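Think of it as A, B, C and D in the order they're written, each chain with its own count starting at 1.
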Amino acid sequence: MKWMTFISMVWASVAQANTKTSFMPPAATEIAGQVDNLYAFLLWASLIACVILIGGMIFFAMKYRRKSANDKTAYITHNTFLEFLWSFIPLVIFLFVFGWGWYIYHQMRAMPKEALEVHVYGKQWAWEFVYKSGKASTNEFVVPVNTPVKLIMTSKDVLHSFYIPSMRIKQDVVPGKYSALWFESEKLGDFHVFCTEFCGAAHSLMLGRMKVVSQADYEAWLQENDEGLTLVQRGAKLHNDKGCVACHSVDGSVKVGPTWKGIWGATHQFVDGGSALVDEAYIRESILEPNKHIVKGYPAAMPSYQGQLTEEQLNAMIEYIKTLK
Amino acid sequence: MGSAAGKNYINEFAGLKSWFTSLDHKRIAILYMISVLTFFLVGGIMALLIRAELFSPGGQFLTGDSYNQVLTYHGAIMVFMVIIPGIPAIFGNFFLPLHIGAKDVAFPRLNLASWYVFMFGAALAVSTMFTSKIDTGWTFYTPYSIKTGTAVVTMVLAAFVMGMSSILTGLNFIVTTHKLRAPGMTMGRIPLFVWAIYSTAILQVLATPILGITLLLLAAERIFGVGIFDPALGGDPVLFQHFFWFYSHPAVYIMILPAMGIISELITTYSKKTIFGYTAIAYSSIGIAAVSFFVWGHHMYVSGQSEVAGVIFSFLTMLVGVPTAIKMFNWLATLYKGSITFDSPMLYALGFMFLFAIGGVTGIMLATLGLDVHFHDTYFVVAHFHYVMVGGTLMALVGAFYYWWPKMFGKMFSETYARLSFVFIFVGFNVTFFPQFVLGAMGMPRRYFDYIAPYESLNKISTVGSWLIGIGFFIVLFNLIHSLLKGAKAPDNPWGSKTLEWTVQSPPTHHNFDHDPVVTAGPYEYR
Amino acid sequence: MGQNHNHDHFVIPFKTLMNVCLWLCFYTVLTVVTAKVPVIHHALGPLAPLVAFGIAAAKAYLVMAHFMGLKYDTKSNRIIFASGFAFLGLLFIIVFIDIFTRVLQTNTL
Amino acid sequence: MSTDNHVTTAGKHHHAHHFKDAWHEFISAKEGIWLFMVTEILMFGGLFVGYFIYHMKYPEMFAEGASFLDWRMGAFNTFVLIGSSLTMALGIHYIQVGKNKAASWALITTLACGAIFMVVKYFEYTHKIHLGLLPGKFFAYPEAVSQNLAMYFGFYFCMTGLHGTHVLIGMALITWVLIRNMRGEFDSHYFTPVEGVGIFWHIVDLIWIFLFPLLYLVG
């Protein structure tokens, strides 16, 4: 049994050591780099502390194994100097780490004056972004590289939390007030955005994506609008922009709501025993009054889109659903 | 030492009625043991369901609401019905009077009432499983807990009732420790387990009422919409978090302090050596209890709390880390020059020190402002609190079961199966939760039933680990049940320990001590 | 815990109870007057809430010390009862610090 | 147990076996009572903290809310509760000096004061309900100036409701103690339950002493 504890101790410290190569996603901002340094320092400090504590425990346990039933043990009650050491030294290390953490935290909280402001609305189960130029997008947003970006956020219903792992930043999105977050990305590319404050059925499907592009591409993106799109393409874009993607998959995979793949022309069985053929009227009614008929095996968790979709947008989505075989 | 004709507290009176109306602190401890272990089984099944769902990305058999319900029940049952009542109600009830040489707790009727209040609350909580369930997470954060259609009011009242039971138990133990110590048993001679239960009782009495009023306000919010925590009416959800964590951080110390008390007992008994730094450990328990009221805001660094408050809380959280470090080093120093045996309770104590060391250092990482912004609400936090709760309190709980089983039931258990259970739980635990540190560093948020592809392999490992833990706990269960049925008769002092409960017969008589013990020295006199 | 046995319970004298009751009634009248008589209320201005709570604190002291017998009780019971108020104060102070040092953001659309 | 309740030294109380003597049991019980009173203070205290926080955030809304409260009823209730505290303390005093009958009358007066307090509360509540000044969803007062006045009445009904519930609990406890006193179970050596119920009743009065200026006067 003893060698088992020894092996797992070695394994733990080795595992702990190689996390120093930081399994964190590659840092994309200067502050994220500082966070990684602090994390690396704390990892090494923890490893040393664990080696002292666990290594010491294993060593003493091996060295002072009971030889005979009537061993005599030393009657040591305390040692003031030693006790001072292992309370003062941890205190100093902890306060040092506190100071370092505060320094980084303050940088995260000090909002730069002339940042590019993007308004973010968290809602049950999608992120909406609105730019000063009136450009709006859902779940995906584009920001220029090497420019400070300030997200001014509020929620339309419950608590959410805007989290970009690669930037090491996170801020709760509280309904009833604005909270803010800033970063300056140094890397191009796509970055995951998660919701990290529990917000209900599709909390884990509220995935956002941030595209960091060059200034030129950013301005081009701002001008984009959906004139040139066909009805079906616009329907597909609405499937994402209106947050349907959070609960309804288009490839048949299981999410919170029924998938849209292959439902056109099929009949849906309802919880109350009734059933209906999936046609224009059925889809329109399911979007505007979702709780009128609940498909068997699915929760009644869909908010109504009454007054949020124009006729033209409803048609686009229906056309899109028709194409999903 | 055996009393007349093998009389003890178990066979003194017969029949179920004598158990359900018994005022004997030992019998009430057994009632608590059976109920807490049953709830632990239910909570454990929920844990296995969560891990099974997370075996691979995409919704398997638990999606959206059903996953949220399972995670909420796992959290609520484990916190309110297993780990907070656990050690104080089972081992505190059984051994606090025995440790201080008393015949019973100060208020026996109140003690029995506490069990009934606890069971009423627990029944209310479990009843929500059959009505409209709950899916808010064990933290009931508003405004989601106000908007959701599930049985939040019933669950909140159940938690209020269980909180009442916790207050009554805490009150009982404080008065017992103050007033019922045997002659000669000054506060400097009580075992460290009693110090731990005493400081836990202080936390239970001072912290639980604030949870009470918070839950009542949440119920009023749902029934009348009073608007105190509902932003739609001008309320502030962050204020709910303040009130909730003002209780819930002291609550996590209610969970760990009794475990630390048990570890002090186990380390000294199996090293056959007096504790190193008795006063340091005793005052650390009281110190942790006091400072635990100042640090709740480290759960709220990114919740909308101001930077000034965040800095104050981070600083104070660093201070509360010091007494914990002191205790770890004192246990380590107790091993020095001891005569150590590796009986199963000692394995669990060493396992506790191993896992609690990792839990402790990751706690400091989370207390650091700069890092917590990245780690908050990710699997790093989930791994941290499982390391300190399962690795800490549950390892100590199982260690205590093995340590005190001969005294409680007069039967020995199979040492090989006990050590086997340790291997399964220890290895399974590390395989389950260490990968979650890495998942947290990679940014996987908590309370997700579906995750993106990069997190898949580590989640698979973690789920396999959870099976090992499950097997380990079942081995403990079967081992102890087998010991009840066919275990060998236990001697009065199988481990050669020096605290008072080993001076009486196993299992003890109804009135504990034949003659009032007079105490002349400290609890760990291994000379 | 040394116990001398021939203890007799302390009986709060009748006169004290009556005096305390009269003082309490007086303080109640005082607090109503300071709050509701216009000329005095305006004279106090911003101090009015402090005066009201000062009087309430005085009344609370009388009830706790004499009616509840804390004055004649053991020191440990006084400490126990005071600890309740201490931890309440702690909750209020830190929540107050948080709420009134928040940097509020505004919508700049 | 002697059924004749006039005999002052009725059934001799036997202290529980795990206490050394009656005094040891008494001081243990007192400490237990005080610990429970701490939890009462903390529970009500949570409400007071919430009140203070929102009072500072929405001062004018709280002022408007307070203007609906009739301070005369509040003042009258304060006198009623102070009187009941006095009679409660007298009840204990009389038992200690052996006048059990007088103690019973004191307890009955305390109950009466409690009842008067609840009746006045009933009138205040009906007045509010009639005006539509109800918490949250049920708020239906048309001429409300500040937009979230409903929250003030959320606090008002939560605080006075919880306090009223404790008055009722106190009255039930006093009735239980009154019956035991009439059965002659208490004497100058054993009166712990009366003292415990007394302290609980004083806590109820203590909370009203803070509630009265907070809700009715400060405004």
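The rule is short, and it goes like this: a residue touches a chain if its C-beta (ideal position, glycine included) is under 8 Å from a C-beta of that chain, and two chains touch if they have at least 3 such contacts.
Just so it is clear, the model here is predicted, and its values are computed rather than measured.
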Review point. If you tally contacts for every chain pair, which pair is highest?
Key: A-B
Exercise for review: Please compute the C-alpha centroid of subunit A, do the same for subunit D, then give the distance between them in whole Å.
Suggested key: 49
Check your understanding: In angstrom, rounded to a whole number, how far apart do the mean CA points of subunit C and subunit D lie?
Key -> 16
Practice item. Give, as an integer number of Å, the spacing between the C-alpha centres of subunit B and subunit A. Key: 30
Review point. In subunit D, what residues contact two or more other chains?
Key: 24, 27, 31, 35, 38-39, 42, 45-46, 53, 57
Review point. Where in subunit C do residues touch two or more other chains at once?
Key: 76, 83-84, 87, 91, 95, 99, 103
Point to revise | Overlap residues in subunit B, where contacts from two or more other chains coincide | key: 178-179, 206, 210, 234-236, 238-239, 243, 304, 307
Review point. Can you list every touching chain pair?
Key: A-B, A-C, B-C, B-D, C-D
Practice item. Provide the residue numbers of subunit B that touch subunit A in the complex, in ascending order. Key: 58-60, 63-65, 68, 135-137, 139, 141, 143-144, 147-148, 231-232, 234-238, 271-280, 301-304, 307, 310-311, 314-315, 318-319, 321-323, 325-326, 328-330, 332-333, 335-342, 347, 350-351, 353-354, 357-358, 361-362, 364-365, 367-374, 376-378, 419, 422-423, 426-427, 430, 434, 437-438, 441-443, 445-452, 526-527
Revision key, fill the gap. Interface with subunit C, subunit B side, in the complex: residues 178-179, 181, 206, 210, 236, 238-239, 242-243, 246, 293-294, 297, 304-309, 312-313
Check your understanding: Given the complex with subunit C, which residues does subunit D contribute to the contact?
Key -> 20-21, 23-24, 26-27, 30-31, 34-35, 37-39, 41-42, 45-46, 48-49, 52-53, 56-57, 71, 75, 78-79, 82-83, 85-86, 88-90, 92-93, 96-97, 188-189, 191, 195, 198-199, 202-203, 205-206, 209-210, 212-213, 216-218
Study note, to complete from the structure: subunit A residues touching subunit B in their complex are 1-2, 4-5, 8-9, 11-12, 15-16, 19, 22-25, 34-35, 38-39, 42, 45-46, 49-50, 53-54, 56-57, 60-61, 64-67, 71-79, 82-83, 86-87, 90-91, 94-95, 97-98, 100-106, 108-109, 157-159, 161, 163, 165-166, 168-172, 174-177, 179, 192, 194-205, 207, 247, 253-256, 299, 301
Check your understanding: Which residues of subunit C touch subunit A in their complex?
Key -> 103-109
